[in-house]
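Next come two complexes built around subunit A: one with subunit B, the other with subunit C.
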Partner chain A sequence: MSKYDTFIGLEIHIQLLTETKIFCNCKSNFGDEPNSNVCPVCLGYPGVLPALNEEAVKLSYIVCRAMNCDLAKEGVFERKNYFYPDLTKNYQISQFEKPFGRNGYFEYESGDEIKKIRFHEIHLEEDAGKMIHEGDRSYCDYNRAGTCLLEIVTEPEFKEPQEAEDFLQAFRRAVRHLGVCDGNMDEGSMRCDANISLNLPGKGLGTKAEVKNVNSSRFVKKALQYERKRQEKILKSGGTVIQETRLWDEQRSVTESMRTKEQAHDYRYFPEPDLPPFRPDEAFLQIVEEAQIELPLARKQRFMEQYKLTEVQAEWVCEEKQSADFFEKVVSLGADAVTTAKWLMGNIAKELNARNIAKTDLGTDSCQLTEKRLAELFDLLSNNKIHAKIAVQTLQIIFDEDKNPTNIVKENGWEQSAEDEGELENIVKQILADNPKVVEQIKGGDQKPRGFIVGKVMAATKGTANPQSVQALITKLIEG
Partner chain B sequence: MKKIKDYQSKDVQSYLSQVKDNDKDIGAFLEFNDSAEASDIEGTLSSVPFGVKDNIAVEGMHLTCGSKMLENFVSPYDATAVKKLKEAGAICLGKTNLDEFGMGSSTDNSALGVTNNPWDTSRVCGGSSGGSAAAVAAGMVPFALGTDTGGSIRQPASFCGVYGLKPTYGVVSRFGLVAYASSLEVCGILADSVDTTRTVFETIKGKDVNDQTSIDHIPASPEAKTIAVLSGDLGLSPEVEAAYKKAAEAYKEKGFSIIETTLPMLDYGIAAYYTIAMGEASANLARYNGVRYGHRSKDASNFEDLVQKSRDEGFGDEVKLRILLGTYVLRSGFQDQYYTRAQKIRTAVRNEFDSVFEKADLIMLPAFPTQAFVHGDSSLDQFQQKLADKFTVAANLAGVPSMSVPVSVENGLPVGMQLMGPVFSEERIFRAAEVLAEVLPPAACPGKMEVC
Partner chain C sequence: MKTEELLITAAQAQLALPAEEEGRLAAAVTEMLDYFAKMSEVDVENLEPTTHALIRDNALRADNSNPNNKFNNNQEALIERAPESNNNFIIIPNVL
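Moving on, here comes the complex of A and B:
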């Protein structure tokens, strides 16, 4: 046990899923051909002015509300001044004194506990372009310049690197459920800077180091673990930690000082004179309210409670909003909840995988298995119209041929019907009569040959017979 | 006097060559539009030539801002005001000279050329919209677009004996105006008559989706009966003092009631104005660093070096001074002392105007304490020129409209007075200016260009 308290804070940047950039009508696709989604406004030409994209503001308020923030009655943009080649105007339009959200919090699971992290603020800003270095030359791609970036700043209240990782995963899931960000850390649409300081218990925050350039939640944990050890070593030997920015080196698993004059930055914030303050009206706040959803953690807990799912099932189903919505729709159509969850995790997941269909495609046009079709399939199964093996085959055909399960079963003559119980009995009788030796064996107490008889019956019925019914008939006809 | 339709030209190129000839002694233009041609759009402004201050974007033309920094920069788009004029059939004849980035009140701060006052070529034309004022005064164009951050339309209008309107803040889109001090400046008009000013104003005003600080114009009452004038020693030159009295007498003669008032906040206005303007300028001009925009130094070894050398080589002294001061006032920890305090003074100025407008429909005050001074006049250094802006900056701080109106010619040089009203009172100002013109008709500049 360390003799120091650890204080970890995170600054998370998420790329909002808006069609267009924050201040112009350029497409918000920064992976396209370099400098193809640019215009005078996002390139900062002399004389241009920003025109705020209200969709970006809406998504920002949706996040602020979901994260339990006090929503700004007046949100103000400010200029953050610094020179950098990827910043076209050499100032970034951001927020400072009056961000859209303050004082929020978020609950996440860490180990067996539900933990709570408080947010200092959430603010909207424009992203910068991207530098591409090639040999001794540098190029700028401004496709990303002016895309909508939401910055979420936590209080420095994580105690363990593990908590930071758990939080990031839960937060990522939450923004995906909210539909505001795709959360791809490796592609940079969700980025995280971490700060960490150590101090003797009761002494409050220590001198912090900031860690940048970490592109996965696991690396955030590793970088923080490394950084905690480094700082602990310094403090134990009587030294002092320097306040600085350090870069995470993924190859070597170490953090390294950036050795720049970054600390000396005075951003000289002042209110952006080109944009009036944003004051949400009732109608806007109503839209924000209506966009609120049950967050993944709450939903998972409810699924366990209401549908009696196991934690593993609930976790799987609630990983994406689309899968959770799909699940609830199927259940609302009359399907059994646990069966639905099992099928989703098993047979359906296998089919999705095999066909390269994402879990997030469930319930969309990209997935042939609609909620209605799955409910129909379960209906056939629970009414003994088909048995499990046929159901799996039917599922495959739903994907392959984009057809309704009832039609598939009909077309293939797979229907097993309760009325045909008499006919099935005749078939079993006939097969038993054809195989007297086997009957003797069973009578003598050897149960193994039962499988042989079942196989014969299945062959005779082209697989439509319910194996359990066949077993029951064998028992009845031999022992009865 | 020439009417706007006298300028309608079907042979724009031959007109342009006359203008070029005429401009040799004046130097109003930095660039001419050699592809200008007559328009077939119907309307008052059809085929009427106009000038555009070279800090306002015109597609395919240079946008130098009078600076070495942007000497080679060509705009790929039209400013909203320019676009609206083009859509009305008017023809941009060329880009006019200005103090570098609008910083100055003589146009002598231009890095790209000298503009002379058409009334006396040994004198300055005022600034920063000096080229536009000179082009109108010399009769080369009936109107020109200018920008007014702290008097940059009204002061040169006064120096050159033309009308100069600084509209209500936000009523004319700033889209395409190269920013100097965003919260203070507007795009406005220099013209040879009230009527032309009105026609152009009606054409370019209105809310613009590209400028979210722009607003729709909701006209205030056009009637004016009472005009306030300033009492006490205003530090005016005898000529300006005399013109001020003449104008007040003219209004009395026309049945207006003249009341005396004081505006104590004017003295604080200058400090507040320069604090805000320089702070904003320090950010607005940051994009000129040789990376994407602006002169690129040839002997830079890294990014930081490139920024420093390019800015050192590209900007003139006055611009550097204002960027440095602006950077200084915005430092963290000093904002309460400077920027925030300036904003409070700004509110106080606005309140002071509001209380005057409860008693009076308009305020009349000088545009500048003196007439046009001679080039390089050492009696007014850069600091004194800034102090002399006190009559004009107040309208920018308060966001209200104000128009410089030619009142008289004293010792062979024109003097203009400002008519200032509450927000949206442009039409009230126009009518009062027309009344004044009945008593004191504006004089034409000697040697004014004849229309072909």
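Moving on, here comes the complex of A and C:
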């Protein structure tokens, strides 16, 4: 083990799922034509007045509450002054002295343990624009400028790069369940900067380096692993780590100094005179309270406890809020929980995949398989109206033809006659009588020809017979 | 103000200072700062800071994009005002 303690802190930025930007009514949309969602406010024209988006404030407080923060009785926006053309005003409107949330925490799974990370603060700010650098020119696109951005700052209390990765995945899942962010790290709607320092045990935080430009939770881990080794090497050789910002180079799997002039940042924060402080009233806090949901980890644990799902099943079902809701609705309609989970992970997942239907579409109009239809299908199955193979075929037709399982089974004449044991027994008897040689073989201990008989029975019943019942009848009729 | 601080301030404001002006300007800025320093003589002990004298209530906007906003249909005019633009991008000297 290393002789140094490691201290890792994360700054996560999530773009809130609002229709419009934070201070103007331009659309907040990824992937549109450059500068198509801009106006004088988000382009920083002189004399414009920002107008705060109510939904952005609401979603922010919902996150702060879900992350167990002290909620601000007064949230104040401030100007963070810096010169860089990704923001045209020469300042970013952010929060500093009075962020919406402070002192929160979040529980996540890492390995077999439940770990807890504390949050220093959560604040709302505007996102910056994007730039493409090419030759001696930089091309500026301000579509993203002014997008509602929530920054979550953890305490530097992760001890291992692996914990940072596990936390990020759990946190991403939580904000998706809360419906506040789509968590898409590829498109930058969730981003993460990491800081890391090493020090001798008992000496507290060391000099940290900040790592930027990491666009997946796995790369956050890799960048931190690299950075830990780099700092350890410096310290071991008696050197000192420089406080700096480093960029993760995905191709080469290294971090590199940005080589900017290391001037201490002085953002000269001061309260934004154009925006009054926000003070939540009782009604607002009530809305925030009502928007709280069971977070994915708690839900997963409950599903294992209450529905006796395995960890793998509970994990799969609770990955998205939509799939977890779907599962519980089906079970509430009378379906067996474990069967439902197995089908979701197996047959249903296969059909969703083949049809390009997302897990998050479960329970929405984009998915032909409704909770009611699935419960109905299980009902047919458990009452022996159909057997498993027919159920899978019925499932496919539900997706293909958008019909109810009962109707599908009727239309295709798939009602299993198995419950009519007498009729099935007669069919088996007849087929055994027609194939005396095969019967002799089975009597002689050769089990292989059983399949032949089952196949004949299935053909005679157009596939509706339950193969297990047929097997049982063969045994009964031949061996007495 | 120390000349050193003046140079940092000038660099942040993207201003080029002729070397022969440094001493004179440092003195002038110091004089300005001294003027502001007078404010620190006021006793503000036990006073709540006032950041917004006139606005008392929350000021919020509903989260609706407004297709009729005249600016939302006039992005080109806004982009064209930049010294250089092309294909809807605003173009500036490379700042990387």
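The definition used in the following text is that the second predicted complex is superposed on the first by the 474 of 480 C-alpha atoms of A that agree within 3 Å, B and C clash if a C-alpha of one lies under 4 Å from a C-alpha of the other, contacts with A are read in each partner's own complex, and residues count from 1 in each chain.
The criterion applied here is as follows: contacts are C-beta pairs under 8 Å (C-beta built on N, C-alpha and C of every residue); 3 or more make two chains touch, one makes a residue touch a chain.
Since we're looking at a predicted model, the values are computed, not measured.
When both complexes are overlaid on chain A, the residue A:Pro277 reaches subunit C alone and has no touch with subunit B.
Once chain A of one complex is fitted onto chain A of the other, the partner contacts of A:Tyr91 are limited to subunit B, with no touch recorded for subunit C. By the touch criterion stated above, A:Leu52 is placed in contact with subunit B and with subunit C alike.
Shared-chain residue A:Tyr267: touches subunit B; no touch with subunit C.
When the shared chain is aligned, no partner comes close enough to touch A:Thr240: not subunit B, not subunit C.
Within the superposed three-chain model, A:Pro40 lies in touch with subunit B and with subunit C [touch as defined at top].
Between subunit B and subunit C, the partner in contact with more residues of subunit A is C. Residue contacts after overlaying the shared chain place A:Cys26 against subunit C, while subunit B stays out of touching range. When the two structures are aligned on the shared chain, A:Ser332 is found in touch with neither subunit B nor subunit C.
In the superposition on chain A, A:Asp136 makes contact with subunit C only, not with subunit B. Under the contact criterion defined above, the residues of subunit A that touch both subunit B in one complex and subunit C in the other are 40, 43, 45, 51-52, 83, 85, 140, 273, 275-276. Against subunit B, the residues of subunit A that register as touching in their complex are 40, 43-52, 79, 81, 83, 85, 88-91, 140, 266-270, 273-276.
Taken in their complex, subunit A has these residues touching subunit C: 18-20, 25-27, 33-40, 43, 45, 51-57, 76, 83-85, 131-142, 263, 271, 273, 275-279, 281. Residues of subunit B touching subunit A in their complex: 55-57, 63, 65, 70, 73, 75-77, 79, 174-179, 182-183, 209-213, 279-280, 282-283, 286-289, 291-293, 303-304, 307, 327, 330-332, 335, 339.
Listed in rising order, the residues of subunit C touching subunit A in the complex are 8, 12-14, 51-52, 55-66, 69, 71-72, 75, 78-79, 86-96.
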